[in-house]
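Shared between the two complexes below is chain A, which has chain B as its partner in the first and chain C in the second.
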Partner chain A sequence: MDYTKNEMMAIATGREFKDGEICIFGVGLSMLAGFFAQKNHAPNLIAFTEGGVYGSTPVGGLPWGIEDNRISANATSFTNAIDALCMLVAAGKVDNAVIGAAQIDKYGNVNTTGIWESGAQPWKVGKYMLPKVRLNGSGGANEIAVGAKKYLIMAAHQKKRFTEKVDYISSPGYLNGGNDREKYGFPGGGPSAIITNLGILKPDPVTKEFYLDAYFSFSSVEEILENTGWDLKVSPDVKVVPEPTEQELENLRAVDETGSLRKK
Partner chain B sequence: MSNKLISMQEAVAKYTWEGMTFAHGGALPVGSDCIAFFREMVRQGVKGINCISNCNSHGTNLLAAAGGIARMEVGFSGLEVYGFANGLRRAVESGKTILEDYSNGGIPIRVMGGALGWPFVPTFINYGCDQAWCSADDPDNYPNEKKIPEVTDPFTGKKIGVFKSIQPDVAVIHVTMADEKGNAIMLGTEWSRFELSRAAKKVVLQADYIVDTDCMRQFPNLVRIPDLVVDAVVYWPMGVWPACSTGIYDSDEEHFYAMNKMLKTEEGTEEYIEKYVKGYNTNEEFQEVIGKDKIEKLTNTATAFLMDPYRKWIKSDAEVKELMERR
Partner chain C sequence: MQAKTNKLVSLNEAIQTIHDGDVLFMGSFIDSRRPMAAAHEIIRQQKKRLILLAQCSLAEDILVGSGCAAAWRGCYTGMATFGLSPATLRKIESGDFFPDEIGHIDIILGAMAAMVGSPFVATRATLGSDVLNEQYSRNEYIKDLAGHPEMIPHQKFVLMEDPFFDEGVIKLQPAMPADVAIIHVQQAGEKGTARISGSLAFDHYFVHGARTVIITAEQVVPEEYLRRDPNRNQIPCTAVDMVVEVPWGAHPSQVQNFYDTDSQFIKDYVTAAKSEEMFSQWIQEWVFKVNSWDEYLGKLGAVRLQKLRSSPPFGYRPRNI
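Moving on to the complex of A and B:
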């Protein structure tokens, strides 16, 4: 069957959304995965955006932003960020969500803020060093990380992204692992999976360290280990993720009108 | 004074100054920010601004590229699907702009605290992560305990973080329609514009349409910004371009990319300013710069029906001009 790695990643992410869940999506890949799920197997999935656009689906193509007219043309309610992002997401009323990552560590902590000189962790040596690369910052991902009952992290699987320690924790996962989140009283449960273009990582129930749970038919355990910057543990029951069905691909491509996931 | 209409040039001259705390939006990069106001700030050479930004937009991207932003407190510094904000990124990477990171909920909560007159607001967001532990203002201190300090909940004894509230000197807020007194209706999500209008010491509206006050009397529930909190109203059609104004025009994909590409370099920024900032004096000329065909395309939006209930109260350019002269 002909499909791209990104399409497999979007479908694997979409499969994690269950019918009837209240979900929040960001722009791009995350929204594609979410609306794919709604079209494919979760017709009663309730989606809204962090600025408070309720009851809508994209019109005329994938939205340029989460306040874009393409997601505002058939809404049933417009509110605001304190309502949607704070009262619903941060306060713990959302079932599932997706965030992206420029860097991610073995406890699911995510950096989307900046990349500093390699290994220097300049914030931590007592001086602010200018970032080598300034990234986008947290956006609404911090609220999801703190408040969603569970959430998924989606990222391209590359050694430079999957690092032992991230340069900056923009969105807290399990921090130093174990019960570390409890120190802060976060309402949400933390990340339930990391879904990449090579496979699926899940957190150990006790240590909260992410291990390799499954790979795709086009990838392998070896390839994933080579592309992970920490000593990734592999589940003794590591399995192959079922390939997309024809129906799944058809539904995904209907949502991805412009073919953004089909570029290889 | 009941008629608060002033020109864009007057508004920028009167309500911006070096060292001020300037809030805007409060919108997303592709959403309803006061981009035209930022163009005029660049035109007038405004420098040393401390920005309170729910999000970066092409407005802050441009002002940062022009060297006008000294400091910025922000929840999201990108341009959504359009990528990284090159002008702002260049200013941060070169050290011209100090960037203090929060999140998209963090800035509105801090503004809400300011609006309520509270000194601080308890929070789980931005707590237990580097938004709390790293401060660009106090870089030698890690983990920082002053940016989002920890306090004890007096009722449960549990720990929680606290945000410092914000009361900006001025907030410039884009609205879909306003009357000349400053009553305003926003279509689309408000983001943090409601609380911003209550937190700032002075409030300036940038409006796509001026409507008769009878429109407000017909839809009083939708008037989330009432006249008493507003100091000035600027009429500036297409003022959010190249981002979108829900109900009126879509985001201009072509210009969004082109603008961001130009802001990537000093030379490109100068060229951009020459053409798209200094290239007009009046709103008519501004619309000529955008182009008639382009405006026609952008205003052919799937959200246009949202404006239908309000159209009969919209004032023509001539009527607005007359109101300005009567002031």
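Moving on to the complex of A and C:
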């Protein structure tokens, strides 16, 4: 079957969403996976964004931003950022969500703020170190990581991204593992899976360290281990993720109208 | 505030009330309802050392690239689909622009605290993240930089145990007032009453936490007209100091029921702003070589603009027409 790694990643992410869930999506991959799920198997999924759009399905093309009027055309309500982020996310009422990651560690902590690496130069005043690469900041992802009942992390599987320790925790996963989230009383339960362009990692129920649960048919355990920067444990029952069905691909491509996932 | 009878001013006059070192909030999100005409005028008047709040996105990135802004307290340096904010990234990596990370809910709640006259609120947002890491904090430096240091708190945050429900550690988040808030809206009356459609973002909080509020509007309409449907007027006239009529004043961002995002314009900007030299050329071409927003619109041309017009009943322009 002809599909790209990114299409497989979006479909594998979309499969995690159940009908009727309240979900918050961000722009790009997150919306593609979420609105694919809504079109494919979860017609009653209630999608919203931090711009304050509730119960939305994009009309007239995929939105450019989280407040794009394209997602409000047939929404149930369109209010403001306070309603969306505070009333739903911070109060722990969101069932599921997707966030992205530039860097991620074995406990699912995510960095989207900056890459410092070794040799970072101190800034001219104070203790602050200049980032080698500045990223987009936490946006609303920190709030999702703290408040959503569960959420998914999507990231390209590369050794430099999947690292023992992230340079900066923008959005906390399981922090140092185990019950570490409890010390902050987070209303949300933490990341339920990391879905990459090679496979799916899941957290150990006790240690919360992410292990390899399944790989895509075009990948392998070896390829994933090679592209992970920590000593990744492999489930004894590691399985192959079912390939996309024709119907799934058709629905995904209807959502991904610009073909952004089809680019290799 | 005395209800002035007429708050209409020119864009030039409105922006003259902004001082070097002011803490500035620019309304709405990313690529929607952004006060772009106001940003261009700030660059033309060559303001310096501005401290930006919330995001460094479409409207802020040109201020950062032009050297009008020195620091920023917020959570996002991107442009959604259009990538990261190129000038902001360049200036942060070279050490010429100073970010202090503050969470999204922190910003909203900080605005709320400023609105209600409270010095702080409590939240769990950003607990466990490096937003709380001293090593990355620039709070003190930004306070020194501010024209009005009292706008910036002594400390970035304080942690304490919840004294009311025993729910463990909680963060006290200081108020986030602004010297100036500039909000672009669909319609405003001559006394300052303003009507927004689409996301309010958190503009209806920030207008009450800012010392000076400038409304730029697609249309100035009689207050009497707005009074016929007061439910839809989210910004009361008492919060507003100045009203400027600026049609197409948010181009290339979108304004619901008026026009859609000019995506090609943003893509061209993002490409240009990645290098200092090309950014300067872009600013020369689109800001300094045009003397006003009217001239900017003239340069864009009627044909380009009419292709962005929203079509009912969507409020934007479907891509297939």
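Simple rule for what comes next: the second predicted complex is superposed on the first by the 255 of 264 C-alpha atoms of A that agree within 3 Å, B and C clash if a C-alpha of one lies under 4 Å from a C-alpha of the other, contacts with A are read in each partner's own complex, and residues count from 1 in each chain.
Convention: a residue touches a chain if its C-beta (ideal position, glycine included) is under 8 Å from a C-beta of that chain, and two chains touch if they have at least 3 such contacts.
Everything numeric here is computed off the predicted structure, so don't read it as measured data.
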Please tell me, clash or fit, for chain B and chain C sharing chain A in the overlay. clash
In the superposed arrangement, which partner chain does A:T245 touch: chain B (first), chain C (second), both, or neither? neither
According to the stated criteria, A:A81 is in contact with first (chain B), second (chain C), both, or neither; which is it? both
In the overlaid three-chain picture, which partner chain does A:G28 touch, first (chain B) or second (chain C), both, or neither? both
Which superposed partner A:G140 touches (first chain B, second chain C, both, neither): both
From the superposed pair, tell me which chain A residues show up as contacts to chain B and also as contacts to chain C. 27-28, 50-53, 59-60, 64-70, 72-73, 78-82, 85-86, 89-90, 113, 123-128, 130-140, 142-143, 146, 168-172, 175, 181, 183-187
Residues of chain A touching chain C in their complex? 27-28, 50-53, 59-61, 64-70, 72-73, 78-82, 85-86, 89-90, 113-114, 121, 123-140, 142-143, 146, 168-172, 175, 181, 183-187
Could you pull out which chain C residues touch chain A in their complex? 28-32, 74-78, 80-82, 84-85, 88-89, 92-93, 95, 98-99, 101, 103-105, 108-109, 112, 123-131, 133-138, 140-141, 167-169, 198-202, 204-205, 254, 256, 260-261, 263, 310, 313-316, 318-320
In the complex, go through chain B and note every residue touching chain A. 26-32, 54-55, 74-78, 80-82, 84, 88-89, 92-95, 99, 101-106, 108-109, 112, 124-131, 133-134, 136, 139-142, 158-161, 187-195, 244, 246, 250-251, 253, 256, 301-303
Please name which positions on chain A make contact with chain B in the complex. 27-28, 49-53, 59-60, 62-70, 72-73, 78-82, 84-86, 89-90, 109, 113, 123-128, 130-143, 145-147, 168-172, 175, 181, 183-187
